[in-house]
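What follows is chain A paired twice: with chain B in the first complex and chain C in the second.
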Partner chain A sequence: MTIEFIHRQSAHCESGVTANLLKHNGYSISEAMAFGIGGGLFFGYFPFIKINHLPLITFRGAPGSIFKKCASRLGVPVTSRQFRDPQRGMDALDASIAAGIPVGLQSGVYWLPYFPAALRFHFNAHNLVVYGREGDEYLISDPIIEKPVRCSSAVLERARYAKGALAPKGRMYSIGQVPGEIPLAAAIRAGIKEVATRMVKVPIPLIGVRGMRMLARHLQYWPDKFGDKQSIIHLGHLIRMQEEIGTGGGGFRFIYAAFLQEAAAVLELPRLEILAQEMTQIGDMWRRIALLGARRCKGRNSTDNTFPALAELMRECSLREEKLFRELLHVVKK
Partner chain B sequence: MRHDEVPQDAAILEQWHEIAYAVDEDGSYVLVPSAGWEASNLVNVQAWEAIGAQIKRALEQIDSGSASPLLYHMARNQMSVGLLARYVGLSRWRVKRHLKPIPYAGLKPELRARYAAVFQIPAEFLDTLPPQVELPVELPLGSPLDGINKDEYL
Partner chain C sequence: MDTQDLEQQLKKLIIETCNIPDAPADFPSDAPLIGPESPLDLDSLDAVEVVVAVQKAYGVRIGGEDSSREVLQSVQTLAEYITKS
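Right after this comes the complex of A and B.
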């Protein structure tokens, strides 16, 4: 059983799956739009939550929220289910495919054989679409990968029941009937408002622009606190969170700028076009931090990539983002 | 990032390309395939070096008789005691115990099979260890684990 499904490669798995599923259901939307409406952008720094002894740094919101929020803001019904029993989970997947409904799956990257070996870590919030089955093989549209791929049922079951942090527990989701009238403009405003509020208005020093400043403050003293070797490992970790596959570059800042650009046209707010340009420049600055930081990791030290210099760049990012998101709040309110 | 500046530094993505968002001459966003970026390649290698170092430490501990072969498979699969315990469906303290040579030697075939299934190898291969660290990726020349037997690096 194969469902006619158009595979479009995207930068980020969840916004890609969301856009592709929506398109399949007759509502054409870009990945950037799905990302923006779903409120995908975020910054959080949680030094007390450790992953492999390294602090949790994230540039994205909670897994699953882009899909859920994007669909609900567009007024599109979704179903999302988890199954404790793997057999039932696989049966439900088969039933959905047999009914002609492509299914989004949360899965653990570590077990997916088609993934580049160098990127197979225990990351459990990866998203992909299953659109068919031939014998024992499932046909998969993984939005990170250029072409559709295949996976045996045993392997797919393993990936769906990956264990550890963010365990998918067989989570599968799909989109129902798209309504005739879609409140696109209101959805865009809601998405922008959510992200901007999170970035500048939440009185918790760990998230948004305040989180960036806290990270900058800590990062500056990493060599004193952790010693040379550990501080390099911390820096490498930060860069991986920001740039490793699935961000579209610059810790999702470019994909968000693309969204703002599209939003400017839909809402007929030329000011958003200017803010998109500013977001692009901020993304370039994050890339600069990554490049300089990577050079330090490699031992190519110079005055522009000392830890205080990197911290200073990050502070500048936070100041520019603060200004931008405050203005965004103002612009979408009108 | 401009579309003609999208990096094409192939390394970790193998034959694949990832999508980068960049602006064209008119300042409009376009999706550009990228073979990878030097900065992310570099920190990816750093992450694999850490995994390699852990595998190496495990092999040494097994060699000196202070750990069971499970420690190797655990490190090879990038697992912590907690994660392995979840996969094999045992409590942490039992997994910890099985990481010691003597309790490991007394493991029932049923438990050995469960561990082997998690590591996706036949149970009789649990005790077969490689002479040196083997990673699923190739580390670039000059990396601390390159040619792996350079003990002086670790």
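Right after this comes the complex of A and C.
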């Protein structure tokens, strides 16, 4: 059984899967739009939560939230299920495909055979779409891979039941019928409000612009606290979280800028275009931190990539983001 | 500028930017650019350097919905991306 499904490549898996599933159901939006409506942008620094002995630093919201919020804000019904028993999980996947419904799956990247070895790592919140089955092989649209791919049932089951942090537990999801009237403008406003509130209004020092400042404070003293080798490992980890793992670069800031650009046209708010440009420049600034940090990691030290200098750049990012998100709140309230 | 010239220019830029003194004199343009099979032995931290250097030299930003993984597959894909941007 094969469902006719259009594969589109994207920078980030969850927003790509969301946009592709919506398109399959007759509503076409860009990846950036799905990301923005789903309130995908975030900053969180949780030094007490360790992944591979390194602090959790994230530039996006919780896994699964972009899909759920984007669909809900657009008024599109979704079904999401988890299965403790792998056999039941695979049977439910087969049943959906037989019913002609493409299925989004949360899965562990490490087990997916079509990923180049260099990109395989233990990340359990990767998203892909299964749109068919031929014999023992599933037909997969993985949005960060250029073309559709295939995977055997045993391996796909292993990926769906990968163990560890963010374990998918067989999670699968699909989209129901798209309603005739889509509240696009309201959905965009809701997505912007959520992100802007989280970035500047939540009085928790670990998230939003406050989280950036806390990370800057800690980063400045990593060499004193961890020693040379460990502080470089921490810095490399920050750069990877920001520039890799499907962020589209600059910690998702470039994707968010593309969303603001589109939102300006839909909401007829030209000011959002200016803010989109500012968001791109902020993304460039995050990328500068990554660039200077990468040079330090490679032992190419200079006065502009000391840990205090990198911390200072991060503080500048936080100030610019604070100004931008406060204005965004004001602009979309009107 | 034709494609071959651009590819040669990019190879030079990458080698200089990533500071690779023992780089091979030449390598195939379709060879993997990043990862263990890269003839220049570039890793993901070098990729950040390449992205920024390309933006500075050619005014082309790699990011957003354009997957940098795909663009940075090889010198050839990078040259194609610059040409079409």
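The rule we apply is simple: the second predicted complex is superposed on the first by the 333 of 334 C-alpha atoms of A that agree within 3 Å, B and C clash if a C-alpha of one lies under 4 Å from a C-alpha of the other, contacts with A are read in each partner's own complex, and residues count from 1 in each chain.
Assume a contact is a pair of C-beta atoms (placed from the backbone, for glycine too) under 8 Å apart; a residue touches a chain by one contact, two chains touch by 3 or more.
Keep in mind that what you see is a predicted model, and the values were worked out from it rather than measured.
Participant: Quick one: on chain A, after the overlay, do chain B and chain C clash, or do they fit? Just give me the call.
Facilitator: When both complexes are placed onto chain A, chain B and chain C end up clashing with one another.
Participant: Could you tell me if A:Ala117 is touching chain B, chain C, both of them or neither one (first, second, both, neither)?
Facilitator: A:Ala117 contacts both chain B and chain C.
Participant: Thinking of the overlay built on chain A, is A:Ser10 touched by chain B (first), by chain C (second), by both, or by neither?
Facilitator: Both partners.
Participant: Going by the contact rule set out at the top, does A:Arg300 touch chain B (first), chain C (second), both, or neither?
Facilitator: Only chain C is touched by A:Arg300; chain B is not.
Participant: Quick check for you: in the superposed arrangement, does A:Lys163 touch first (chain B), second (chain C), both or neither?
Facilitator: first
Participant: If we overlay the two complexes on their shared chain A, which of chain B and chain C does A:Gln277 touch? Say first, second, both or neither.
Facilitator: first
Participant: Considering only the touch criterion stated at the top, classify A:Ile233 as touching first (chain B), second (chain C), both, or neither.
Facilitator: first
Participant: Let me test your reading of the model: by the given contact rule, A:Val200 touches which partner, first (chain B), second (chain C), both or neither?
Facilitator: In the superposition, A:Val200 touches no partner, neither chain B nor chain C.
Participant: Looking only at chain A, is it chain B or chain C that touches more of its residues?
Facilitator: B
Participant: Identify the partner contact of A:Leu128: answer first if only chain B is touched, second if only chain C is, both if each is, neither if none is.
Facilitator: Neither: A:Leu128 stays clear of chain B and chain C.
Participant: Can you give me the overlap between the chain B contact set and the chain C contact set on chain A?
Facilitator: 9-11, 32, 116-119, 144, 146, 236, 239-240, 243-244, 246, 248-250, 254-255, 257-258, 280, 283-284, 287, 290-291, 294, 297-298
Participant: Would you pull the chain C residues touching chain A in the complex into a rising list?
Facilitator: Contacts found on chain C: 19, 34-37, 44-49, 51-52, 61-70.
Participant: Enumerate the contact residues on chain A facing chain B in the complex.
Facilitator: Per the touch definition, chain A meets chain B at residues 9-11, 32, 52, 110, 116-122, 144-146, 163-164, 167, 232-233, 236-237, 239-240, 243-246, 248-250, 254-255, 257-258, 261-262, 276-277, 280, 283-284, 287, 290-291, 293-294, 297-298.
Participant: Which of the residues in chain B come into contact with chain A in the complex?
Facilitator: So the residues of chain B in touch with chain A come to 1, 11-14, 16-23, 27-29, 31, 33, 37-40, 42-44, 46-48, 50, 77-80, 82-83, 86-87, 136-137.
Participant: Considering the complex alone, what residue numbers of chain A touch chain C?
Facilitator: Where chain A meets chain C, its residues are 9-11, 30-32, 116-119, 144, 146, 236, 239-240, 243-244, 246, 248-250, 254-255, 257-258, 280, 283-284, 287-288, 290-291, 294-295, 297-298, 300.
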